[in-house]
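Just passing along the structure, written as structure tokens.
Order as written gives the chain letters A, B and C; numbering starts at 1 within each chain.
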Amino acid sequence: MSKSGISNPRTPYLLLLPGIAFLFTFFIWPIANLAQTSTQTPIAGGDTGEYEQTLRWANYLDAFLENKEQFGRSFLYAAIATVAALAIAYPLAYAIAFKAGKYKNVLLVLVVAPFFTSFLLRTIAWKQILGEQGVVVPFLRDLHIIAPSTTLTSSAFAVVAGMTYNFLPFMTLPLYASIDRIDPRTLEASGDLYANGITTFRKVTLPLSMPGVVAGTLLTFIPAAGDYVNAAILGSPQTKMIGNVIESRFFKIVDYPTAAALSFTLMAAILVLVSVYIRKAGTEELV
Amino acid sequence: MSGISSARGDLRIDHVSKSYGDFTAVNDLSLTIPEGSFFALLGPSGCGKTTTLRMVAGLEEPTKGTISLGNTDITFTKPYQRPINTVFQNYALFPHLTIFENIAFGLRRRGIKDVKEQVEKALDLVELSHLSSRKPTQLSGGQQQRIALARAIVNRPALLLLDEPLGALDLKLRRQMQIELKWIQKEVGLTFVHVTHDQEEAMTMADTIAVMNEGEIEQLGSPADLYDNPKTAFVANFLGQSNLIKGTITGNDGDNHVVELFGQKISLAKNRSHAVDNSILAGIRPEKFRISRLATPTSGNILSGGKIEDVSYIGVSTQYQVLMPWGQELMVFEQNDDGVAPFNVGEDVNISWEAGFTFALRGDEDAEAGTEVNPEEIIEDDE
Amino acid sequence: MRTVSRWFQRNLIRIYAVIAFTYLLIPVGYTVAFSFNDGGRSNLIWKGFTFDNWMNPCGAPEVCTALSNSIKIGFLATLFSTILGTMIAFAIGRHKFRGRSTTNLLIFLPMATPEIVLGASMLSLFLTLKINPGFWPTVIAHVMFCISFVVVTVKARIASLDPRLEQAAMDLYANEVETFRRVTLPLVAPGIAGAALLAFSLSFDDFIITNFNSGTMTTFPKFVYVSAARGIPPQANVIGSAMFIIALAVVILGQIVGRKRAVK
């Protein structure tokens, strides 16, 4: 796209060199290294954390079979949280784009505003609001909406809700960006051509906002599937996700090969899902 | 500032070609634009006129050939080293700078001393002094157009290039700006090279027009030359409308050829024929025709046996479509000034015109060339 | 009754927006409120209003060390990732070259990789190289995951730039360097500033990757996570609230300045 037609052909490579070299050293190499680690086994008679390369591919099978429950849970929770975030964010983004008038910028700032407080503080705030000593649980118990033994935290519900909450801005912003680009006259034209509100939404608004839907769901699903913070703060041992397992393999058990194999499996699974999804959704604008 | 060529004089484009892969945008073009003239490059979208302009500006490099200004070869000099400025299509005003700073941009880059004075003079010239502290987005299209002009001419370039400068304006404003541009050109005495697809715009403003088609110049001349005596079917159709009728030269009569059009004989001045052999396309502009009822005596060239097919009343004139015996429809514009009652659809008529108005093209030309204009191409001419 | 229901129908989406915003902002409000709690060390239950925590934000052990580490890391990560990312964005956005789509893929991949994999892979590399986790490994890790976001943000801005503006500058006697300095850079600057802001907030708020690569060094999110078990001191809420207010002020100020500039 050398627009002027006159530019030094070496310029782009010089511009790329430092950044790409950095990404090769600190992204590609670590991933390759992780792949290598994933097939190591403990050195016989060595200390904890000492491994040697034995190309033991069975590490993958062992790691997966041992943790298939957590894998399933990670993808299930991430999928539910993504759908929930989409359901909450779409009308919100639509309202900001089409109904906010001169308050558009103010509302956009409000969407981003939660980012400015540490997400851990906010997650813990939820834990306290919904916890035993918060205001919500006693209130609901008094009204007999929940049983005296029911808790809102330490549950799968709390983990999914926490993820939904934390990734909501990631969903809202790309949705807003693509809905805002829609020319409102196309919606009027659709109405003019005998489409009712629902048909207009299905046939015009939604297809036109697809890039935002794809970007938003990816930005929510990918971090959610690898997340372990929400599960650690809002969950219980029964809601452990694959991220929790990887974390504890690395730090508590010092089982690097299993942690590496799990990480690799997680990444591969996400990449496969993402590429299938992008192809299905029919937009390659992201890459 | 050093580095900027101080060359002045005629612009010479010498055997210049520009290809993008297999596509040839400009093909072996040679052209001289005299200093001080108002020159127009006219043609449909994709004819290579914008590419030519960009090569002159230094924004593209020719694949072959040379471009020189006076005696200086500028083929490969950078745009910022040429004493040439451009009024861009859609203006390309810097949105982050005020109007004043937009106009001062070129002066500052050249290290000129009295920036303020010169900018004010330029703003005066385009009558927008009161807007100097505004930002471009706060101006109307017409105002932006004038600022773009002021930003270029404040540099007193040897050559000013205008790339479809009026394309984004509405019709009324365009007419007004045409007159204004011409006046400014006289006032500042610079060479203007104007690229447009709008034949009326070119004819209103330019001293000389080069009609381009498919990367080559079809014909070059004054607006009157091009209109009255086009050399090719493309020019005949692209500049105004023409009736082109197949015919054969059958004899001579002094300075004139005798031409047979489907059995009827007419006369054609020899110096108005661009045919290479006896086979020709006889051309007559629609407003040169006169229509008469069969009994009415007429002089000059006459074609008889016409039948009025369609009548459109335009106010100053009435346009007729007349079906001739050989099946061709001829277009006739009659001024509504002779008190003759308009003709009705179905009437049998003769068509006549003064012999001197006839021109002739090569008989093997496509009579439709230059008539078809893709509506998409009128909007955006960006190669 | 009918007018009520019609009003409701017409304003449904507005009502919805209000509820959604409430949901988004409740924990923020909670955090700010409890920064004024006279709750002592654990800060779990509302015990009374006080300014003490705000007067003494470093009152809890470690909290200000953690904060200053986070700010230093955030600043360095922002600086390097913005420079490297902007260069890549210009290469992709302004030039045609062999390997462009591979480059695009390389930029996309870190964004499509879960943080835990990024964090784990970098730690495993550092361990292989016998580099101890700590301050610089953390900075490097942050630069790595911020670059892609910078590239995407700046690239979008470059793509919206009319190439004729640069041609016009060249036409008006500005050479390549001057054109870049006087036209390209000022026009892309808002995109670069936005990218830097994004990089800083990503880095400042990062927990997962930091947790893997920081060793014994503490950062603000790490401090919050670790103290969550025994109750977070109100000073953490003070810092969280202060960050919120400062960031909001920066954004609003930026908007006002932007609007003033546009009007002037």
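Criterion: a residue touches a chain if its C-beta (ideal position, glycine included) is under 8 Å from a C-beta of that chain, and two chains touch if they have at least 3 such contacts.
Note that the structure is predicted; figures quoted are calculated from it, not measured.
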{"item": "Closest chain to the centre of mass proxy, which here is the mean CA position", "value": "C"}
{"item": "Chains most often in contact, by C-beta pairs", "value": "A-C"}
{"item": "Whole-Å gap separating chain A and chain C, where each centre is the average of the chain's CA atoms", "value": "16"}
{"item": "Rounded Å distance between chain B and chain C, as computed from the means of their C-alpha atoms", "value": "56"}
{"item": "Euclidean distance of C-alpha centroids - chain A vs chain B, Å", "value": "59"}
{"item": "Per-residue overlap in chain C, given as positions that touch at least 2 other chains", "value": "167, 170"}
{"item": "Overlap residues in chain B, where contacts from two or more other chains coincide", "value": "58-59, 78-79"}
{"item": "Touching two or more other chains - residues of chain A", "value": "4"}
{"item": "Residues of chain C defined as touching chain B within the complex", "value": "162, 164-165, 167-175, 178-179, 182-183, 186-187, 261-262, 264"}
{"item": "Parts of chain B lying in touch with chain C, wherever the complex brings them together", "value": "1, 3-4, 57-59, 78-80, 84-86, 88-90, 92-96, 105-106, 109-110, 133, 135, 137, 151-152, 155"}
{"item": "Touch list for chain C against partner chain A, complex", "value": "13-14, 16-17, 20-21, 23-28, 30-31, 34, 44-45, 84-85, 87-88, 90-91, 93-97, 101, 103-118, 120-125, 127-128, 140-141, 143-144, 147, 151, 163, 166-167, 170, 201, 204-205, 207-208, 211-212, 220-221, 224-225, 228, 232, 236-237, 240-241, 243-244, 246-248, 251-252, 255"}
{"item": "Of all residues in chain A, those that touch chain C in their complex", "value": "1-4, 7, 9, 11-13, 15-16, 18-20, 22-23, 26-31, 33-34, 37, 88-89, 91-92, 94-96, 99, 105, 107, 109-129, 133, 165, 168-169, 218, 222-223, 225-229, 233, 243, 246-247, 250, 256, 259-260, 263-264, 266-267, 270-271, 274, 286-287"}
